[in-house]
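Per-chain residue numbering starts at 1, and chain names A, B, C and D are given in the order in which the chains are listed.
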Amino acid sequence: MNREVKIKNMKLAALNNAVYIFGILIIAVFSVMSPYFFTVTNATSILRASTLMLSIGIGMTFALIVGELDLSVGANCRFSASVCALLMVNYKWNPYLCMIMMPILGGLVGLVNGILVTRVKLNAWLVTLSMKLALVGIVVKLTNTVAINMPQEVLQFRNFKIFGLSSFIVFILVVMLIMQFVLKYTTFGRKIVAVGSNPNAASKLGLSVKNYKLAAFTISGIFAGLGGMLICINLGSVTRELGDGYEFTAVAAIVLGGVSLAGGEGSVFPKAFIGVLILTMIENGLTMIGADIYVFQIAKALIIFVMMYIDSKKNKI
Amino acid sequence: MNIKEYFTKKEKAFSNRKDKNFLLTSVILGVLFLVAIAIAKPQFYAFRNLSSILIQSSAVAIMAAGQIYVMVSGGIDLSIPSVMMLSGCIGAYTMRETENIMLGVLAIMMIAILLGLFNGFSVAKIGINPFVATMITMIFSNGLSLRVTKSTSIPVLPKFTELFGKYYGPFHANIIMMLVCLIILQFLLTKTAFGRSIYAIGTNEKTAQACGIKTGKIKIQVFLISGIMAGLAAIALTARISSSSLSLASDGTSLDVIAAAIVGGASIKGGVGTVLGALIGAFIINGLSNLLVLFGIDYYTIQIIKGAVFIFITWFDTIRANARRV
Amino acid sequence: MEKRMYFEARNLHKYYPGVHALNNVTIVADKGEVLGIIGINGAGKSTFMNALAGEICIDKGTYYIDGKETIIRNQNDSGKCRIALIHQEAVVFKDMTVAENIFIYNLNKYTKAGRIQYKRLFEDASKYLSMIGADIDPKEIVKNITIGEKQMIEIARALVRDAEIVLFDEPTSSLSLDEKENLFRIIGELKQKNKIVMYITHFIDEIMRICDRTVVMRDGCVTGEFLNEDVTTKELVTGIAGQEVETIVNATDKRDKEIVLKVENLNCYPVVRNVNFAVKKGEILGLWGLLGSGRTEIVRNILALDKPDSGIVYKRNNKGILEKISGHKLLEECAYVTEDRHLDGLFMQMPIWKNISMANLKKFEHFIMDEQKERDYALQMINEMQIKASDENVLVETLSGGNQQKVVMARSIGKNPDIFFIDEPTRGVDINAKSFIHKKIVELAECGCAIVMISSELEENLNLCDRVLIVRNGEIVAEVAKKDISKQKLMDLCQGIREEVKYE
Amino acid sequence: EEPKEVTIGIAWPSLGTQAWSAMADYLRWYVEDYNAENEVQVKLIETTAGDDAAAQETQIRDLLNQDVDVVVSGAIDTTAIWSSITETHDAGKKFISFCRRLTPGGPEADSTVGPDTYDTAYVSVDAAIKKMIADGIPAEEIKIVRVQGDLKDQNAVRYGEGCEAAVKDNGATIVADIECNWSVETLMNKLAPTLQANTDANMIFTPNEDLMLGVQSVLEGKELWKKSDEEGHIYLAAAGGCEIGLNMIQEGYLDATGYENLPQVSTNTVDVAVKLALGEEADDFFVKSEPITQENIQPLLDENHFWVYDYAERTK
């Protein structure tokens, strides 16, 4: 009988680490299929490709942990980046100031979302969906959909390297660790987890559920704006389609990594990070082996499905 | 502050008065709004215009009805528009190859049902979160439609259009299809044990299970229904625009389907919502766009206004809920 | 002027739609006193405590603490008055560690340079936990601990806050015997330390044992107050129930009846091990064991609510032959009362009538749902069960704890099943209703229904069961026939003091 | 004689890109000028469908309800539009297909006006390949990474086809395809691995110039962002002729782009519409594209050939 218990525990342990196992599997498969996959250059380019989604994912993790969903992040990213870029390019504001303003503006949008959800007590999906509509509308009106090119001050961050990585990649990785610290080691972070874990209990104990939710929305907005900033550096311009559909991809990525949609459970590092990384790797690997563009999405869907299938097994044991 | 005064005020606070007042205000506001339109833009009420709004709402309303089922059961189906697109494309493809309408319709419904079942199994049997499960289906269907159509558009047979995309008397076939679907679905949801079970699952799945309700089976059925609705919407749409292509479902469509359901009173958390609400939601969305176009407002401004109006409507809904709750 | 007590709540009023939940309630208590509060379901006991804890705000009335008029409008006010409430359902955060749960208010104090010092936190948590005699690892995630342990967290939380007034809302309803003893010891210590303890319960013996004074409530009013020295159990019962309460005993003898349900080799490691038993027609079979012994899991595995690793279940079919049956099918045909009404017992956001008909939808479906019939049936049950609600449209979430339990029972009884699984049938139910529920159970058995009952109340097992199976660590270790059932025997067996009598 | 009035109803697919909003603006400006100079007065009614074919179908019906003389539509789905054409004709009105060649086999538009995206891509890629051959790279060693805009978008698909035709005609090869949904981030994320896997690729084609920004970012990361005359230059061809592309050509990075004279599309549309409304015959009208390269750009700049600068000036 003890043997059965042991086997069961082993299975559970394996399934609890399914993401990592799956990640290694993906690396192995793609490495076999393409000699260029398992190289330092490619690792760098995967990291670089994941920066925007990582930033949005960090913010989204806070929203999910507190038990809400922010569907405006993609539009918010485009909005904050566009507005600040306009100020920078057309109105000649200080580029550094404008860069810093991007996350701030994003945070403001998040704050509005949060106020509508917590104070006016509206459904978060609808609020953030409406916000998405409105923000895209505003951006199109403001920019006339012309791409805005960044000045040299912004671009220099791309060429400035730390440990062989562009500075903005290092920056987001450091920010990621800081946010994980906030979540794990500060009173604020723990109370966010508490609110998401059991909002009823939180309000019974006198934690201000509203305020922590508001904070989570604001953080989610800030990181959407930060994503805009990173893409400005990475890309050197703000173009149309920026952030389009990123809300869903980001949710998929971090849920893949193990952040719970029900709230309370999750971490920025490693969970959200791993999720984003795996999704980026799938895309990178498929591109590298030259997957037919017509089957690209089908393959992606199947890979995610297999992964969620394995993941679901752990709840059944 | 005098504590006693503070509390005596509250003593009188409870009653249903607020609810009644609220209903009255919203009805008056609504009527005023409609009258204002009648004065400013009488064209809005032209029969052709109203019928055109109805036609445009029909596909969204049909899909939103499916979405309502999923949402009442506590899930979400992001894949409805993509399934609609895929089944439409495969249907048109079949029709082109076989020259047979029945086979085409069959293909559409088969694909829609298959994908609905797939969603259902992923959620109910495998236990994948509905958000992610349907997203997988969404990506998959988008990819497969691309593969099938090779990004061209495929015309459907003229007879198909005649059957499902023409006027019967003053009513467009789409409108008739929408009304039939909605009546049946509304009936199923509110008047039968099956419908009651769906509400039960959305309110508390574990309790429903302990009550002996077959939650797994019902969830599969719910996703099946949303799949079928996607298929029916595909028939309505492909017949109306007489072809199938990747442009059947735009980003806007998926938002509209979810927004119609929520504006109509459903909640992501499950347990509330009616098919009728979805219909009204679809009308509001399309009627609003139509009205704003009549005023000559451009597309992107309409998007901004739309966002604001959605928020306003749910806000009204919240006030009502609060009024009920004292 | 007479000497003021340390704590006074005078003339409290609280209105809910259709209910005057607190009607001119005056309750006072002095330091070093354990005050019992007792009364039928829906009397307003929890409302009173929630008001003190600041979770709800009363509509009228005044509090005096230490002679000073005080306002309590929210949890902060309440915290400042050093009032702590131990809830009926433990209020904890399932994704966080035990230590974090205990110090959730005081995390700041453990923060140095913005960083929580977990080491110090865990050390202090162990200190408090050992103070109340709870053996819990402070690093454990709360998801993984038992209900009793969760309650310990709440008590520790009250200690951390150094509360002067400690409120307990039906704390023993999900505690094991040891845990109960431990709780009484803690209450004794609190009393020693000159704190005020207020204690809600439906168990008269607990009141008699630990309280100094008892307040009886009914329909929002205080209807009586006794000094425990001067009162007998019987007087108290009549005071609460308004009449004498009969003790229901299952007297009929139903041996040699046919087997209707048979479980073979049920395993779900590690909580259920090799379970074999059979239930006969018209029999009330008790499952008795310590808390966490796996009784609930056995039933859940039989009904396939959890996935068993192995095991076969047989049920008697129409032709009278035992036939293999799947858990899902069985669940449809039988009735099941779960132990945790919040988790899986009720549809909180639905009205009473929908809750009551939910297990039984087919019965009310004649092509369409017959809503009138459903409502009529619900009203009938509301009357019979004395559910305190103005009508059948009341949302279940606004009912008091005991009344919610009655709704759960009403639903299952209405299904009129052949086989009935009941997990803690009378948890949180007042003495009147308890007697009624017992009567119903016996009636069902007399009608030929096979009943599998899990109850942590000894009396219930003694009075109702035809046979008791003893569960220890997920295994059935002994079987006690009706004639052998005694308090001592059950106690000893479940703790493994007596020798095991293997069931064959 | 009374001045006549012509009502043109326009069903835009969406105005979410610079090209489309520019065409819309030029059309409106031209109508103003036109009304000032001519007796016939043109009135515009516009709708936008947000890339939703079904919405477009309803909007065209709405336009007909408002009694327009001519329907101008940039079809979202070039087959779905058939039913709208039939309906337009049934109502006795005229139909102009704007910027889209319709799928053959159904009812035909009375006129089609637009740039030819196939041609745009063709001339650009052709110019770039010719330059490579002139630089001494044999045709069979020319390996091209082709970026596809959005495979759901007919015009985008035709860019791809134009590119392919030019490649074939010159004897070069396409080694990899990237679909990016017009999203620069997606392009970036896919281009890096593609280049890694195809180290011999020496030319990249993007169907618009915004996407070149993503190419720039990726190439800079690999230290391959070189001017044409530098060692290790990867040849680049684009389509559009907007500011970004023109700048890149002047700086010497971009080798060729196909210039689309969009204002001409707009002005011709109005002319054709008026003709049709007055009962005259009108032919199809395609604005031919021309290749812009580092050699020929300067004189064109001098003679103010490019509309983007004019447009920027007017929308300031």
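A few remarks follow.
Assume a residue touches a chain if its C-beta (ideal position, glycine included) is under 8 Å from a C-beta of that chain, and two chains touch if they have at least 3 such contacts.
Values in this document were obtained by computation on a predicted structure and should not be read as measured data.
Of all the chains, the one whose CA centre sits at the greatest distance from that of chain D is C.
Taking the mean of the C-alpha atoms as each chain's centre, chain A and chain B sit 29 Å apart. Taking each chain's centre as the mean of its C-alpha atoms, chain A lies 34 Å from chain D. Here the spacing of chain A and chain C, counted between their Cα centres, is 43 Å.
Residue positions of chain C touching 2 or more other chains: none.
Touching two or more other chains at once are residues 140, 244, 293, 296, 316 of chain A. Of all residues in chain D, those that touch two or more other chains are 15, 151. Contacting chain pairs (ordered by label): A-B, A-C, A-D, B-C, B-D. By the touch rule above, chain B contacts chain A in their complex via residues 78, 122, 126-129, 131-133, 135-137, 139-140, 142-144, 146-147, 150, 251, 255, 258-259, 262-263, 267-268, 300-304, 306-308, 310-311, 314-315, 318, 322.
Interface residues of chain C, counted against chain A in their complex, comprise 53-55, 74-76, 78-79, 87, 91-96, 100, 104-105, 107-108, 111, 114-116, 118, 267, 269-270, 273, 307, 309. Across the interface of their complex, chain C is touched by residues 1, 4-5, 8, 181, 185-187, 190-191, 193-194, 196-198, 200-202, 204-207, 264-265, 316 of chain A.
Contact residues on chain B toward chain C in their complex (touch as defined above): 3-4, 7-8, 10-11, 14-16, 187, 191-193, 196-197, 199-200, 203-204, 206-214, 271, 326. Taken in their complex, chain A has these residues touching chain D: 34, 36-37, 39, 41-42, 44-45, 48-49, 52, 140, 144-147, 149, 158-159, 166, 231, 234-237, 239-242, 244, 280, 283-285, 287-290, 293, 296.
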